[in-house]
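Each in structure tokens, the structures are laid out below.
Two complexes come next, and they have one chain in common, subunit A, joined by subunit B in the first and subunit C in the second.
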Partner chain A sequence: MTRAALFRSALFVLVVALLEILCRVGIIDKLTMQPPHRIVIDLWRILASGSLNAAIAKTLGNAATAFVLAMVVGVASGVVLHRLKLVRETLDPLFATYYAIPIFAFYPLLIILFGLGDAPQILIGFMLGVVAVIVNTLNGLDRVPRTLMKTARIARMGPVATVWSISLPYAAPYILTGAKLAVAYSLIGIIGAEFIMSRGGMGYEISFAYNNFDNATMYPLILLILLVSITINMLLARWEKRLMIRRGQR
Partner chain B sequence: MSDAASVHVALKGVDKVFERSGRPGDVVHAVGPLDLELRKGEFFAIVGPSGCGKSTLLELIAGLAVATRGEVVFEGKPIRGQIPDGVGVVFQEDACFPWLTVSDNIAFGLRRSRLGKEERHARVEGALTMMGLTAFADSYPAQLSGGMRQRVCIARTLVRQPRLILLDEPFGALDQQTRLLMGDEVLRLWRKTDATVFLITHALDEAAMLADRIGVMSARPGRLIDIVETGWPRERDSRIVQEDAFGTVTARLWRTLREESLKAIGKTGAA
Partner chain C sequence: MNGAGKAAWLNALRLVVVILAAWQLLYWSVGDVALRSPLATMAFLGKLVSTGPFWAHLGETSRAFAGALLFAIVIGLSVGFLLGLNRFANEVLEPVLVAVYSIPKITLYPILLLMFGLGMSAKVAFGALHGVIPIALFTINAVRNVRPVLIKSARTMGLGPLATVREILLPAALPEIFTGIRIGFALTLIGTLLAEMFASQRGLGFLLMNAIGLHNVDLIMALTFILVAFAATVSSILLFLDRRLHSRA
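Let's look at the complex of A and B:
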């Protein structure tokens, strides 16, 4: 373990221990927060009883759908926009200011259009993630060296083969950066939407527990979301790092 | 000059004019008019002052660029922006695929061929051995030196068994000793494959050491102002630089080029 990783772990343990002490001593009262060890036990209890399995499955399933949609549409749009210079330049300001738009403001509209089901939530997650994927795909495609494109022409490869076997593999680490953002955004989108208006899911359950002062459900679910998001992000980051090391860029 | 059967590539009255992007009417006459015949199996080098259109000439022969006037004929068929089969190019810049291992990089050249699995494997193995890369078959390009990476690119071109190999300053980014040794390597490959080799270089000694004939290009617009026959035997290597005739050839190249290089520098200086 590097020194930085050691300090990081120590810091984590310290913060958790501090919370534990503050809760036990009563500086943080029970109605505000449970001590950390209690949260872990409650999470275990919830998972073991299976009482919230449906909510967890709904949220993670919708987030996965939103993520996959954002990746497929994002990468495909990136490839097309890379070829259509005029369209790209036309849309550039939209991409630049996209994350200044509060996407959640469209949620009521989406509910009117699609009803209070999974579709509007998945759309929110998708809309949050897709532009990050497009922008990072374009960034990667812009970096493909001209020599590699000439090599493709000399090998008499068509445009589709060139994109598939040269441009996209070259851009892979950059697309992975977009993927990391899309994972986070799709979770934020789904859970946020569930908070605002929904008939189920982890966000809904957290909000329901909050309204009923049910800390024994609320905190474990928050912890679970944190764990899922951090785990996926770390896996993607590790993959990205491996690609970069292979290319001698780290 | 020579009979049709022995002519591999012919350039007939070729001109290349570029339009500066975004400024219609503002044109640059890069190359020509230029006539040249490459004989089947010869090693032909082009030297010329920087910016004289050497690389443009190579792109015209490769089919990567289309001539504004005149035509380029490869094996009896005119090339018009269509990349002909049987041509391999090695560029100065690193063209390795960083996400593939050395052997996968080399096998990439055979991706679209209809060869059987065993033949592919045999050709990749053969190229690895020939370029001294066997020990690095599973390495990634980033783990190799610049010279090694250039070997990978050469091997990737060789597995396709091209009949015409175009080299665009392939050793330009390498140090002098590596360049001499790579020169030996290229000579060996040239003898072994019977391919026609067309080399572009800015190094007079490299041209004089490697080529059967050396074309000297003028400052822009690039035209051929001299063709020097070196008269070297087919069996030769870098030790040729010690011979008197080598000095005579480089001296003649420099005599022709000196004025053109001054022109090229003067032009850039005035601009």
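Let's look at the complex of A and C:
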């Protein structure tokens, strides 16, 4: 471990210990926060009892659906837009400001359109992720060297074969950057939508516990969501770094 | 106006036409149950802005957003300069900022509500939480990328740390910092709205959630339009300024 990582861990332990002490002495009262050791014990209890397994499965399943949709639609749109210059130029201002738009504001409209099932949540996760995938796919396709395209033409490859066996593999590291963002965004979208209004899932359980002053459920679930999303993001970042190093791009 | 500027305007105009056409087509295929046409939305919007309560909610959201943005910028810049100038502290803390950046921050909102109580301060804190990290991360990067020769000359000329920040670092790092603030602006707005949509008694986010219960499609369409149009317009302007700052540097 590097010295910085060591310091980071020490800092983390210090903060947790400080929270524990503040809770024990009563400076932070019980209604505001449970002491950290209690949160961990409660989380273990909840996971062992399996009472929230359905909610956890629902959230992760919906996030996975949103992610897969964003990847398939995003990469496909990227490939198509790369060929249609005029359409791409028209959509460019949209892509540039897309992440400034509060996508969650569309949630009420989606509920009216599709009812309060899984669809509006998946769509929010999809809408948050898809543009990151499109933009990164376009970015990758722009960098395919001309010699490779010329080679494809000499080998008499059709447009589909060229995209499938030359452009997309070359653009893969950039698409992976998009995928990394799409994973984070689909989780944010699903959990955020569940929080605002839904009938199930981890976000719903947290907001339900909050409304019932049930800190013994709320804090463990918050911890669980943080652990899951940080773990996923760290694994993806590590994988991306390895891929980049292998390609000699970093 | 030069050629490139004209082309950009033309593009934006074409995009607006495409979006309006798509909206109208969607309306024709879905019908009145769940959507309104662009024209009907504008008509309702015209009526909406002449009512008193609307302005009260808009004022509430604006105040929360302005407060959140102020905190995000002040804290973001301070953290950014501190970490940007201190290599080791940055190595320790930057991964933490990056990790917090990518988590669903809405999960932290109940904690803020318990800390601050339901109301303005929780909204401001949650909005600021969204905006502060991109501003800090971009400022760190900006400060670290300032050419060392500039900082060395400042030291040779005997400038104090505050004067160095003001006279050297800020001007040199401004384009990057502006990019951070542009993104921070957008995320703060998103955070403030999320806070209002989840738990609030006032504000446009509250009005939007309330409209679901009343099945008031007119109101939902009008509010969604205002929010999206505002966010898109302001960030287009910020993006334009951003590109100009970068091309000059």
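Throughout what follows, the second predicted complex is superposed on the first by the 250 of 250 C-alpha atoms of A that agree within 3 Å, B and C clash if a C-alpha of one lies under 4 Å from a C-alpha of the other, contacts with A are read in each partner's own complex, and residues count from 1 in each chain.
As a working rule, a contact is a pair of C-beta atoms (placed from the backbone, for glycine too) under 8 Å apart; a residue touches a chain by one contact, two chains touch by 3 or more.
Worth saying up front: this structure is predicted, and the values here are computed from it rather than measured.
Superposition of the two structures on subunit A shows subunit C fitting alongside subunit B with no clash.
By the touch criterion defined above, A:18 reaches neither subunit B nor subunit C. Of the two partner chains placed by the overlay, only subunit C lies in contact with A:196; subunit B stays clear of it. Of the two partner chains placed by superposition, only subunit B is touched by A:154; subunit C is not.
Look at A:57: by the touch rule set out above, it reaches neither subunit B nor subunit C. In the superposition on chain A, the chain among subunit B and subunit C reaching more residues of subunit A is C. By the touch criterion defined above, A:166 reaches subunit B but does not reach subunit C. After overlaying the two complexes on the shared chain, residue contacts for A:218 are found with subunit C alone; subunit B is out of touch. In the superposed model, the vertex angle subunit B-subunit A-subunit C (Cα centres) comes to 100 degrees (nearest 10). After superposing the two complexes on chain A, the closest approach between C-alpha atoms of subunit B and subunit C comes to 13 Å. Across the complex, subunit A is touched by residues 8, 11-12, 14-15, 18-19, 30, 34-35, 88, 91-93, 95-96, 99, 102-111, 113-115, 182-183, 185-186, 189-190, 193-194, 197-199, 208-209, 211-212, 215, 217, 220-221, 223-224, 227-228, 231-232, 234-236, 239 of subunit C. Considering their complex, residues 2-4, 7-8, 11, 31-33, 89-94, 96-97, 99-109, 111-113, 184, 187-188, 191-192, 195-197, 203, 206-207, 210, 218, 221-222, 225-226, 229-230, 233-234 of subunit A touch subunit C. Subunit A meets subunit B in the complex at residues 145, 147-148, 150-151, 153-157, 161, 165-166, 169-170, 172, 243, 246-249. For subunit B in complex with subunit A, the touching residues are 62, 64, 83, 85, 87-89, 91, 93-95, 97-100, 108-109, 111-112, 140, 142-143.
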